[in-house]
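Next come two complexes, and both contain chain A; in the first it sits with chain B, in the second with chain C.
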Partner chain A sequence: MSRTRALMTALRARLGAAEPLAPPPPLPRVEAPPARVYTPRREASRFAAEAARHTTALVGIGHVGTRYATDVVLQFQAELAVAHAAVAAELPDDWAEAQGMVPVRSRVADHREFLLRPDLGRRLDDASLARLRQRAPRGADVQIIVADGLSAVACQGAGKALAEALRAACQARGLTVGALVGAKFARVWLEDEIGQELDARVAAILLGERPGLGTGDGLSAYLVYAPRIGKTDGDRNMMSNIHARGTPPAQAAARLAALAQAMIAQGTSGVTLDLAQVDGGAELGVGYRAPQVRQRLVEHGGGGGAGGAGGAGGGGRRR
Partner chain B sequence: MILEPIVPTVLAVRRLPAASPALLAAYGADPARHVSLGLVTCDQDDATYVALDEATKHAPVDVVFARSFYAGAAHASGRLSGEILGVLAAAEPQAIEDGLEALLRCLAHDACFYDADGKRGVTVFPHVIGSLGHYLAAEAGLAVGEPMAYLVAPPLEATIGLDAALKAAAVRAVRIVAPPTETNFACAWLTGEAPGDLAACEAAAEAYAAAVVEVAGGGAGAGGR
Partner chain C sequence: MELSATIRGVAYRFDSVKDVLARANPPKSGDDLAGVSARDAVERVAARAVLADLTLAELREHPVVPYEADELTRVVEDELDAAAFKAVAHLTVGQFREWLLDGATTGATMRAVAAGLTPEMAAAACKLMSNLDLMTVGAKAEVVVRANGTLGLPGRLSSRVQPNHPTDDVEGILASTREGLAYGCGDAVIGVNPATDSAESTAAILRALDDLLRRNEVPTQHCVLSHVTVQLRALQLGCPMDLMFQSLAGTEAANRAFGIDVALLDEAWATMKAKTSNRGPNVMYFETGQGSALSSQAHHGADQVTLEARCYGLARRYRPFLVNTVVGFIGPEYLEDGAQISRAALEDHFMGKLLGLPMGCDACFTYHASMGQDELESLKVLLGAAGCCYLMSLPVGDDIMLNYQSTSFHDIPTVRRLLGKRPTPEFDAWLAARGIADGATPGPRFGDVEVLR
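And now, the complex of A and B:
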């Protein structure tokens, strides 16, 4: 009973009014707002539906009214969360040492500064420079650097394996490979200073790439011939999406080794490199590849809640 | 019957899940923060003001509009008008739902007018709010969480009742609205002299109700003078 009602009941008794009061009414029921129910519509275009079978991109996903289906939204949010987590992850300080690499780091002080100051991420700090001069042999054909880049998750996942595979592939082609260098807080251009310092003919940095939807584990590789501070992106060749659902690391290593050899043979890299002369082979895996299936991160019950906006998604996405 | 609760009748409950920005601005909402509105009409304005404040304690809603209608519910402009339109605003529809639920619960079980003469010819609203929400706290210039006695009666009864209430306990008047108001009642808001003095507010409300009953001539043993 409410405070005021109790107060008035007591006052009423004191004033001598004895007739019993009616019992309080039951609690009111709030009428639910009217729900408009839209049924999920599958993608109508057969072209889009067929295209969706060959990509992990968001095509042919159908619609519910004017909006996405619930399971499409949930999947999108989960994939975005994976990307956010990958950007926020930080490479442990002792990671490179534990992997048997020469540990170096850029001039960045902390993770936030790393995200905000790309310029500082492109230069080695003084301690790293000294360590590099002391521990890493000079004059290799290919200098491989494993780095965190924008996804420490990817670096810790497949970074070492890709580096080892690339080293083996280069050696199989008769190229010498320097000691593996592990860089923290590194941007792509850090390979210029490291390669210049170690007098390598080709510098190859393998680093976590800026995460996309659901791919927090993707690696990119950037190769540059005759690395010097001041080289631009026009001087580099790169390969992205090195992960299980993109280019598998083993295949990527074979292609990158062929690229490095072509750079040394032609004496250049970047836009002036003639890719037509890159020595291709069956192991480079440039033929037909089976359609990639989107990885489901969430399952939507589709039981049809009060709003009725749920239900299975459109476009044959759920498999 | 003397001091029988007169339970308010809620005449309409409507929502606007995504109100037009022009409408939001016109009714005092902030289109940058508010999207959804909840609208209530009721035949007791003061009970509804208290219930709107109650809603702000239970959901992230703001009371952007609450106005009494002229001459009260007995002379309403339409079947759904009553004597007040209260408008809750929130960033999303679910907050409106939660706010409306608290508001309706308060109207059904807490805030109401009471019969002061046994014939409903005179009614009194001697309501004690234990803890103010941010709507009435801002209106009264008091801190959120302070107690307040919200006292309403017809003009003559209210005047004598307020005098009795102010003398009955260590309370101070936060706001006194002399008659006539839109509904031709008179209103006073009291709080404890000492912050947080709920007992003083209760004593004041009780004295107010007793005085109004006495003036209305409905009390046992109380003759009209």
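And now, the complex of A and C:
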């Protein structure tokens, strides 16, 4: 017997544990557990149905132990995936040109730098500045810019439609509108340099907003009077949650045109703009978010049938 | 005072104590954005070597924003407890770290010196610590406060129910609140971030919450997180208010961007002490988060960890019931990924506790940060193990107004069971009486909103 083994044996004997381990107790016999679906569709819960009339928060979803039912997990993961996919998407370099817009980009080199360096996303690169001077007419009342912001998906979705609706709504109010500009890797404040360069009275940037759970297609609009580099957030008026389930683009365009006209009439924007003097002004307060209906994103099988959380309807959504 | 160190024959020299503090920080995208971080990993360690040899007395003499230029620095300096400071002034930062980790140093001894520590000292110790160091000391540091419930006792983990709604629909807010309570959440506070920053809507939400809590005899407190001036006006409307809230930043200039200063906070505290609807004595609630000073260009060239500690230096003046760091909310330009967010959460919890505050944490990410759901769930367990006083809780962790991902109603009972933690004693008794909990395990009415009227 080796010296080590002898030591171990002596130690076990001293501890009264010389005997080998008792055999483990027999394992329980598992009958086939019942196939259950924990807390099926939320409409089965009276509380969930009542709550869904007032909130899109996912309440009344039940629990398995202290955790989620499988259906809830899948719905949640789908919503998370939609948000992350929207953030990760990049605006194709030729997108703006193909839409008939004047293409520009910020000083940002790539997508990661775009997320980490907001300062670079607020300024035009040299080539874009030259292109703007060459191709975009100066001196319009309203200069519209369509941009990716934090969701290229939203920009490519309703960006152009919103821009054209806003252009028409401005023209209907007798305002002149410059050539549409399409910007890549753009932050909100990029409208200051573009508006300044084109000598516009109001700059309006329409850009993809930071995605929420299950929503990657929302646009925000930020308007500033007398755009100049150095304007701050307090100088701007904004409207968020522009998409089919929030404020539809046509309705948003009408409100934004009213806002632009009020800025020109009052000669200011931001905190000093008197919203009471704007048509429908009460709804244009900073940070207003219309509620949005929650869509059920996951359906098993390829049918894409109706039904879903809060009775929203609509099948599996594809992009 | 020597501000240089040599590693493998290369000498590293630093311009100032502020520079040493910044370069000693673990990597943070916000320090890169501010242009104050170390050039590489070796310079980072050189800065830590310099920092380890500075005494706490030297740190007191070199705040990152000068006394003359900043009222936060003046608040800290003028109120520092002389006896407590004298006890530790001679220690170097390296020795201070060892004293904190020493098994003989208890929560009580740490509380005894807290009033003699400046925020820069807490930040300096933080930079010499690993994540497990931060958790070890954080778990020792006990800070107990009381409103209607008693928060921060050993073996306890509380939660805020955050029933936000994009249009402040009161029925929607109450639905989320009832669900949260049925899962055993909400013992720290029922706290609503309002969509509309008006006194009328603040008062309307508080009245509705007060009705619900009184009708069901829930031993907790309520709060609507509008601007402090709005809450003062709401109090004039005659509404109940258990806690008054305000966001804080780490410099006078950054707080001006928030529309506050020390005089206003003093007024708010005095008003609340007279008018609060809670049993007291603690009546204030503050939120902070690394990066807020830089986002208003008010960082004075200091790093975001030290600036975060300075928020706590201001907060402790008001004996708050709750302080939490909203750690991943500000975005990837300040904390890029899961590693940075997790590190910041443990740093903030450690620094706040060391300075004597009942620290909670909103463990969260925005969807453009590089963090996954599994990493976020792990962070909640780390925070619970580190003795964090409370976490947030929302339906599936999804804030439908602020659009970010936090802790869920299901996560709180899960983390409590994993770590053997319980809610506040008052709330624990209420959960048992309603059948929501059965001791440490879920009771027969767990998750059943019908238990609430």
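In this text, the second predicted complex is superposed on the first by the 214 of 319 C-alpha atoms of A that agree within 3 Å, B and C clash if a C-alpha of one lies under 4 Å from a C-alpha of the other, contacts with A are read in each partner's own complex, and residues count from 1 in each chain.
Definition applied: a contact is a pair of C-beta atoms (placed from the backbone, for glycine too) under 8 Å apart; a residue touches a chain by one contact, two chains touch by 3 or more.
Here the structure is a predicted model, which means the values were calculated and not measured.
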Answer with first, second, both or neither: which of chain B and chain C does A:28 touch in the superposed model?
-> first
Could you tell me if A:57 is touching chain B, chain C, both of them or neither one (first, second, both, neither)?
-> second
In the overlay, work out which of chain B or chain C sits against more residues of chain A.
-> C
Scan A:4 for contacts with chain B and chain C and give back first, second, both or neither.
-> first
Contacts of A:76 with chain B and chain C, given as first, second, both or neither = second
Report for A:213: first if it touches chain B alone, second if chain C alone, otherwise both or neither.
-> second
Which holds for A:130: it touches chain B only (first), chain C only (second), both, or neither?
-> neither
Can A:12 be said to touch chain B (first), chain C (second), both, or neither?
-> first
Determine where on chain A the residues touched by chain B overlap those touched by chain C, and list them.
-> none
Which residues, counting only chain A, touch chain C once they are in their complex?
-> 47, 50-51, 53-63, 65-68, 72, 76-77, 79-80, 83-84, 86-87, 115-119, 150, 210-213, 215, 241, 285, 287-292
Given the complex with chain A, which residues does chain C contribute to the contact?
-> 29, 32-33, 163, 165-167, 169, 171-173, 175-176, 178-179, 183, 195-196, 331-333, 336, 366-368, 373, 394-396, 398, 400-401, 403-405, 410, 413-414, 417, 442, 446-447, 449-450
Inside the complex, what are the residues of chain A that reach chain B?
-> 1-5, 7-12, 15-17, 19, 21-22, 24-25, 27-28, 30-31, 33
Which residues, counting only chain B, touch chain A once they are in their complex?
-> 1-5, 7, 10, 13, 15, 17, 93, 97, 100-101, 104-105, 107-112, 114, 126-128, 130, 202, 205-206, 209-210, 213, 219-221
